[in-house]
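Have a look at the structure below, then the notes.
Letters A, B, C, D and E mark the chains as written, and numbering starts fresh at 1 in each.
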Amino acid sequence: MYIQVKNVTKIYNQNSPKASKALEGANLDINCGEFICLLGPSGCGKTTLLNLIAGFEKPTEGEILLDGKVVNEPSIKYVTIFQNYGLLPWRTVQGNVELGLESLGYDKVKIKEIAEEYIELVGLCEFKKHHPYQLSGGMQQRVAIARALAVDPDVIFMDEPFGALDAMTRMKMQDEISSLWEKKKKTILFVTHDIDESVFLADRIVIMTPHPGKIKSIIDVPLARKRDRTNPDFLAIRDKVFTEFEMKEKDRIDYYI
Amino acid sequence: MYIQVKNVTKIYNQNSPKASKALEGANLDINCGEFICLLGPSGCGKTTLLNLIAGFEKPTEGEILLDGKVVNEPSIKYVTIFQNYGLLPWRTVQGNVELGLESLGYDKVKIKEIAEEYIELVGLCEFKKHHPYQLSGGMQQRVAIARALAVDPDVIFMDEPFGALDAMTRMKMQDEISSLWEKKKKTILFVTHDIDESVFLADRIVIMTPHPGKIKSIIDVPLARKRDRTNPDFLAIRDKVFTEFEMKEKDRIDYYI
Amino acid sequence: GGSQNVSNTENVTNDTKNEGGKQTVKIAYLPITHALPLYVENELGQENFKNIHIELVKFGSWPELMDALNTGSVDGASVLIELAIKAKEQGIDLKAVALGHRDGNVVVVSPDISTTSDLKGKTFAIPHRMSTHNILLYQMLKDAGLSFSDLDIVELPPPEMPAALSEGRISGYLVAEPFGAKAVAGNKGKVLYYSKDLWKDSVCCGLVLRGDFIKNNPAAAEELLKEYVAAGEYIDSKGEKVQEISKNYMNVEQNVLDLSMEWISYNDLKIYEKDYNDLIKYLVEMGLSENPPSYEDFVDNSFIDKVVIK
Amino acid sequence: MSRLRKLINTLIGLVILLAVWQGIVLTGKYDTSLLPPPQKVLHGMGELIENGTLFTHITVSLYRFFAGYLSAVAAGIVLGLIFGWFNKLWGIFDPIVQVLRPISPIAWFPFIVLWFGIGDTPAIVIIFIAAFFPVLLSTVSAVSKVDQTYLKVAKNFGIKQPHILTKIIFPAAFPYIATGLHLALGTAWVFLVAGEMVGAQSGLGYLIIDARNNIRPDLVLAGIIFIGISGLILDRLIRLLENWVGKNWGIVPNERGI
Amino acid sequence: MSRLRKLINTLIGLVILLAVWQGIVLTGKYDTSLLPPPQKVLHGMGELIENGTLFTHITVSLYRFFAGYLSAVAAGIVLGLIFGWFNKLWGIFDPIVQVLRPISPIAWFPFIVLWFGIGDTPAIVIIFIAAFFPVLLSTVSAVSKVDQTYLKVAKNFGIKQPHILTKIIFPAAFPYIATGLHLALGTAWVFLVAGEMVGAQSGLGYLIIDARNNIRPDLVLAGIIFIGISGLILDRLIRLLENWVGKNWGIVPNERGI
């Protein structure tokens, strides 16, 4: 197993009156090169689980191993793409992509070269001198992806990367990330609350439920790439995920909408 | 015909160097009591068309009739629910719902009575003394709906009302608005860029395309209520809408993501 | 102490108002030794007034005091006579009716200065150009064959002068009392000259009244002057209450006060024509005033003559 | 817990300040009659408290301050709402305000005395001037930043003037206005000393000026400390107001602390 | 078009101001030697321009202003970054700053002279004091408001100190700091007059004080006008800086105009 989440519980603000259990007894094994989607409604601990694996938070109980080693702190080998991209607005596209490379100790020429390579990969050559605010949401997302890929990480964590995009643009980006993944074969952990998105992208879908955050079940998606959103097999799995949610959630969901 | 959009074109900042054509030659007829969805990617003029019909903007060319009269300015008979709900943050739930009633000239007791009736309708009795920020997105949306319904309008305009909600909450709200519509039989114009959402809600889907904003086609949704998102008929129409977009958009979409 | 003096008659208006049937006369002052007769008059003369009641209004610096005097917010002031002359020249109706004091200004220098020429190239402070202190400095330099350009002259708020001298920021200063005595008593400076050595019978502070006040209330002005002159005589006769009164109005140490009292006198507070003309001559010569008011225009001795002759 | 922490921090801060001060005094570089040691200032403070004058000074100053500040707030908000709403009018008055604003109240002294005499009124006027511009400008900009959606909602629900101003614009702009009020409070308090230079016979500003003229640096420092502490208390009070606004207006309390 | 509109507005504003002023003078309520009419002030301004003193005054004032302001900016930003980063430290210094801040620079006069002498330095110090606190406080709060995501990104990409400060914190905080700089500029400029009260022999503030001593209200007003206009120009300049920051930092230019 490449990533092992062993019986992990996370309680925020432990030993304080406002303690809250964000994740309870999570177990998850991920293979190298797998595309995993964490799927669940708001507050079910998706971000928490991701942050734990990426090393931004420490588990209250349990243990997380990444490539055999206990995760203690973030590392440039495991790059996270944040919910709002986390681009530095004061740097150009080029500057943002160069950010991670700067601490890898390459010389300036090399840094520029690599950055340009990845900017080209995501098709933003024309925009490399632009600032993030001059780009659309989809383009910003691609910059974040280029920045992550540029440091050649082993794992990429993505936290609702397409949450802010409109539905059409979103589908386009799903296509892109899917084909990038096929090209680069990175291990990807992808958080979403969109059922279609998870079915379209994942090798396996980790279904989570809140109060407290838990892993409810894991659904395999044995569909070939590139997937077709209107294909019956696709719809069958989509159906399955729907059922998975609607069964137990129906009567509960009223309270936390 | 209850609402008639006759060959309407809207150009913003006309006669200035930054003039932009937001909508071109739109024609649309809507029956009383119909649920219409405007569907299309960002920038295709959905909001523009809605604002024109609601009277917030005036068409550059063409004419819009509502109940036989030319639309000139907004009226309390046609209420809009805005993209970010448009709740007044300094008023409680109750205060927000009372807002429209205050200008209808009812006395205080009557206002309170009506407001409470509609707060109950959307199931927020417990929260009537809360301020909007103390509510989740879905609950805020329901306040906006209660506020709109309270003034007993003939038409309700909704601009991406569920855009900020997560996918699960969104589905729940779709169920709710659908059953409210069946109960109250208002004419509803609903803007969205989510294909599933439009198929789930609409009697007819108005498909729009950008550059410049245009009505491309109108798709009937002859499905019974309450609809099932995994039902084959549902999926067939969903399919149809997909095709409608993917055909011409595919090669273009690259440029405006 | 003076700084704790809290007056409850805070609302000072343009109109002279009545208090217990008496007309209130507002006189502005700065808490300096030069206004001592006013303090004594306020404490001891008050009961002798038949028709008036004086109210002293303290200010922090000359410009604000002049603003109040010029605009009629007060009826009169004990003020640097040059400032009043300047105001008169600008068209404000003021009359000088008495001196504030005689002599009493000293040139204070740091210990390393022993003659005027030692000041060459050094920084020297005066309160501002429109002052007797500037004239005294002019005369002192002239006596030593120097001119203003040989020194670096700065205008400084008087309270900051002792500190500036003590810290060596300036090498000397010339200003109203007790700021000179402060440095001397603290051994931070010494007296280089007394004003009477530089310019005999120099005119410094004066009691100035507004023209409209004099015109409308000549009797009040006369009463005011009567006790004012009496106060001056009382001070010079080393009246027993002088110490206590001055401590009440100027919250400075005893030794500082004693020292500054040694240099100053308060008898014969009449403004004589010769002294005034000397002053005018200086002002014109130094380019401080182009068209100063004549003695007749500016000085009104009618009151002091009445009360002194009595 | 957090309160205790704050108290401890404040005490540590105080100790550091006193230590530095005492340290400078101990170097002997400055004459103690020019830079008095802490205990002398403490003694001066005690003197002022004991003979009761401090209380008078503070009440008088607070009276003047609030008279000036509150009237500036009222005038600034009303004019700000008007200017903010009638953009064209603001276009004309904006340059006037922008030229008048950077002028020190001290520079206005001759004219303030001319129009307002001496004593309480000029102090109030100077505090008014100091507070007025921040309030006015923040109100104008707050109105111009009111979310268009609220106005659309008002129009949609048939709300007419003056209700648009009272029910929509003012409450929508109020959180920004409150920030302006906070800012103005600080600015205005700083001008208390200047305000009490024109013929005032009491007040904290007067206390300082008088102590300065009497060459009593211990009392100057005592006055400085009283002014600083009162200013701090006023600041905390308006911060409470701001937090209250934030809570009732549905905004996360702002921590700017400016 | 919009430029022209602005110019016309400014002119209309000017005309209104002059008309009101002239109107007050014409009522005859105030002696013209106390409230001079516009033409007399204009004449005074002409006089100052002709004999070249105005130029000297302005350059001297600007020198002092920038010396004080820029050093306050440097000190405020550096300390602000440090305090903002080391929260605990700020907990201790916060109370000290909060007590010192509301104290008028005028109150510090005796000690400023004691430590900094007379002439240029005290003016610079007073402007420094006036500018320092807004810069410091806005920097501290800017640092505390830096989006945690940026820090996470930095950590993720293995960026270490001091690069976190220079590459992340400072640029991330800079837009807020720039607002603080704007604020500080206005505050500091107001204190120019106060600053030039301590032994300065030139400068716009001195010009006003000297005119007051010479009972020349026309020159006082001339000085006021010059100070107002210079302040306005400085304000526009820093607004350009702010817009530049906004543009290069990916923020919508702010229109607060405070």
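FYI, a residue touches a chain if its C-beta (ideal position, glycine included) is under 8 Å from a C-beta of that chain, and two chains touch if they have at least 3 such contacts.
Worth saying up front: this structure is predicted, and the values here are computed from it rather than measured.
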{"item": "Co-neighbours of chain E and chain C - touch as defined", "value": "D"}
{"item": "Count of contact steps on the shortest path from chain A to chain C", "value": "2"}
{"item": "Same vs different contact residues, chain D with chain E, by half of numbers used", "value": "same"}
{"item": "Chain whose mean Cα position lies farthest from chain A", "value": "C"}
{"item": "Top-ranked pair of chains - ranking by C-beta pairs in contact", "value": "D-E"}
{"item": "Whole-Å gap between the CA centroids of chain C and chain D", "value": "36"}
{"item": "For chain D paired with chain E, centre-to-centre distance based on mean C-alpha positions, whole Å", "value": "17"}
{"item": "Euclidean distance of C-alpha centroids - chain A vs chain E, Å", "value": "47"}
{"item": "Chain centre separation in whole Å, for chain C relative to chain B (CA means)", "value": "82"}
{"item": "Chain D: positions in contact with at least two other chains", "value": "30, 34, 109-110, 114, 197, 212"}
{"item": "For chain C, residues contacting two or more additional chains", "value": "63, 67, 70-71, 159, 163, 166-167"}
{"item": "Contacting chain pairs - touch in the sense defined above", "value": "A-B, A-E, B-D, C-D, C-E, D-E"}
{"item": "In the complex with chain A, residue positions of chain B that touch it", "value": "40-42, 123, 136, 138-139, 166-169, 172-173, 192-196, 229-230, 235, 238-239, 242, 245, 249, 253-254, 256-257"}
{"item": "For the chain B and chain D complex, residues of the former touching the latter", "value": "54, 56, 73-76, 78-80, 82, 84, 86, 88-90, 99-100, 102-104, 131-134, 151"}
{"item": "Complex contact set, residues of chain D against chain B", "value": "149-150, 152-153, 155-160, 163, 167-168, 171-172, 174, 248-251"}
{"item": "Interfacial residue positions of chain C with respect to chain D in the complex", "value": "1-7, 9-14, 28, 30-32, 57-61, 63-64, 67-68, 70-71, 73-74, 158-159, 162-163, 166-167, 179, 182, 186, 188, 250-252"}
{"item": "Touching residues (chain side chain C, partner chain E) in the complex", "value": "62-63, 66-67, 70-71, 83, 86-87, 90-92, 123, 125, 128-130, 153-157, 159-160, 163-164, 166-167, 169-170"}
